[in-house]
Amino acid sequence: MSIRILVTGGTFDKEYDMINGKLDFEETHVPEMLKLGRCTVSTEIRTLMMVDSLEMTNTDRELILHNCKTVPEDKILLTHGTDTMSVTAEYLAKANLPKTIVITGAMIPYKFGSSDGFFNLGAALAFLQTLPHGVYVAMNGRYFTWDNVRKNKQTGLFEEL
Amino acid sequence: MSIRILVTGGTFDKEYDMINGKLDFEETHVPEMLKLGRCTVSTEIRTLMMVDSLEMTNTDRELILHNCKTVPEDKILLTHGTDTMSVTAEYLAKANLPKTIVITGAMIPYKFGSSDGFFNLGAALAFLQTLPHGVYVAMNGRYFTWDNVRKNKQTGLFEEL
Amino acid sequence: MSIRILVTGGTFDKEYDMINGKLDFEETHVPEMLKLGRCTVSTEIRTLMMVDSLEMTNTDRELILHNCKTVPEDKILLTHGTDTMSVTAEYLAKANLPKTIVITGAMIPYKFGSSDGFFNLGAALAFLQTLPHGVYVAMNGRYFTWDNVRKNKQTGLFEEL
Amino acid sequence: MSIRILVTGGTFDKEYDMINGKLDFEETHVPEMLKLGRCTVSTEIRTLMMVDSLEMTNTDRELILHNCKTVPEDKILLTHGTDTMSVTAEYLAKANLPKTIVITGAMIPYKFGSSDGFFNLGAALAFLQTLPHGVYVAMNGRYFTWDNVRKNKQTGLFEEL
């Protein structure tokens, strides 16, 4: 049993660029997080892009879908910005793949201390191993089906519709 | 849906006592971890004891079992030292409760940076929401049934028998 | 012997606002840093403003100078954004106060893990206790006199002119 | 101007050994701390030993003194366990070397989050650059002369005699 991890960026992987004082992306931190979590589940990581999900286009989503279709694994973890998780979830669900796809991310960058990212990664990997085929969002310690989730913009928490 | 969290200590909650230079226990860190993980799953926490699991006796296990039986929730997360997780798992499994019990812990104390505890907590809470009734150990990003798990003392990793 | 700490913001105290995904300021972290450092030096903290020093105006600097003049202490630690530390240093030096003023800050926000802030605070407090009256910048483990310092914009390191 | 850093261990450099659940020593963390602090002061690090200072003998202290005498630098930072800092300070002071020696350490291991080590290192390096020849202990944001310091065993704080 192996899990494919597809990285697209989002707050999860944001970093602080000290020279220009802005937030940006470098390499994904998923490998070091799996190491810290002492994860023995077999995983294969591929970074597709490193973007804020507000800037994600359907061309980006088509790339994500293409990868979901073509990777050999039937369990896929997708790291993603929280702002358009439900949009991507719906896009992928329409393809009706015989796979379990769990989308997760973070409200606070992993690198910034006090991040929810590490906890979310553990939860998402667990859900991937037990949920039946379908597309899900895993945030706040819970999972939501693709058609019953939204991000509450005031609280930054995910909830059912 | 509510989850009961029963705390028994273990490396998960160990701290450094700066005055005597030794490791000890204070209050459990589970509440702050759930807050950091922005967990919206309804949980009820009860600290049963704060012990190194090598020092756990069957009297302690009987107390754990008693709580598992009597709490209203049918989903129970048990934090526990890694050394005798499988012993407690077997003890609880024999009672055949109509509940899902997931045991987790950490190899490095949560308070000591570089801990696997936060990741394990996320995974364990997720497994609790999807696994059928039974007793499980959740470590290293995976879950094991109570009758098919042991801690490898050389590597500190959990594996099937 | 007491030290006055005047807080003006800068990267030192920046935080991540998870709702809008931007960096901003909340309360200063100097009190918690002094506590973590187990600092027994007597200090009095006053937050004058919380700004990025690129946005600091001479009206702001006049407020800083006014406080430097009027506080009873003759040892003053000023936390400040790194971009215009030398500008403020010169502004204060011109007043020729019979006081020791040490300006410090950070290239990475204290709250973002991997910060130089905590180290810089320790160094700055130490320099304050040993340097004669004058105005200094303390960064990178060193001190510079107000008239012999600049921030290298490429490396983010401070150096003599 | 270059600073010699002599490492002897102490709580400063303690780590958690997850396999046997005990505290132990690995490599010193001083290099990574200097990097994190973005320290541009020229330093040369030598690890003399990695011991709890309660176990330090006069043979160990003779080795420390020998190094203090023979290194080319006249500014020496000594990392040391807090329990017998004043004993080593006196031992070194008796040699009356034409050097500035500052001893520092930590009450909480650097690796254990919430450590005072990083702050103490910044302070000690700063004191080294401004104090006249002599032997000092730098803890709690302050410096003490070798003949006027003791560790308060109840509070873990350093104070004058």
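Each chain carries a letter (A, B, C and D) given by its place in the written order, and its residues are counted from 1.
The rule is short, and it goes like this: a contact is a pair of C-beta atoms (placed from the backbone, for glycine too) under 8 Å apart; a residue touches a chain by one contact, two chains touch by 3 or more.
Predicted model only: the values in this text are computed from it and were never measured.
S.K.: Give the chain pair, either B-D or C-D, that is connected by more C-beta contacts.
M.R.: Of C-D and B-D, more C-beta pairs in contact link C-D.
S.K.: Taking each chain's centre as the mean of its CA atoms, which one is farthest from the centre of subunit C?
M.R.: Of all chains, B has its centre farthest from that of subunit C.
S.K.: Indicate the whole-number Å distance between the mean C-alpha point of subunit A and the mean C-alpha point of subunit D.
M.R.: Averaging C-alpha atoms per chain gives centres 44 Å apart.
S.K.: How many angstrom between the C-alpha centroids of subunit D and subunit B?
M.R.: A distance of 39 Å separates the two centres.
S.K.: Cα centroid separation between subunit C and subunit D, in whole Å?
M.R.: 26
S.K.: Find every residue in subunit D that makes contact with two or more other chains and list them.
M.R.: Correct list: 107, 114, 156.
S.K.: Check the chains against each other and report every pair that touches.
M.R.: Once each pair is checked, the touching ones are A-B, A-C, B-D, C-D.
S.K.: For subunit B, which residues are in contact with subunit A within the complex?
M.R.: Interface residues on the subunit B side: 33-34, 36-41, 107, 114-116, 118-127, 129-131, 138-143, 156-159.
S.K.: Can you tell me which positions in subunit B touch subunit D when the two form their complex?
M.R.: Residues 11, 16, 18-19, 21, 23, 52, 107-109, 111-114, 153-154, 156 of subunit B touch subunit D in their complex.
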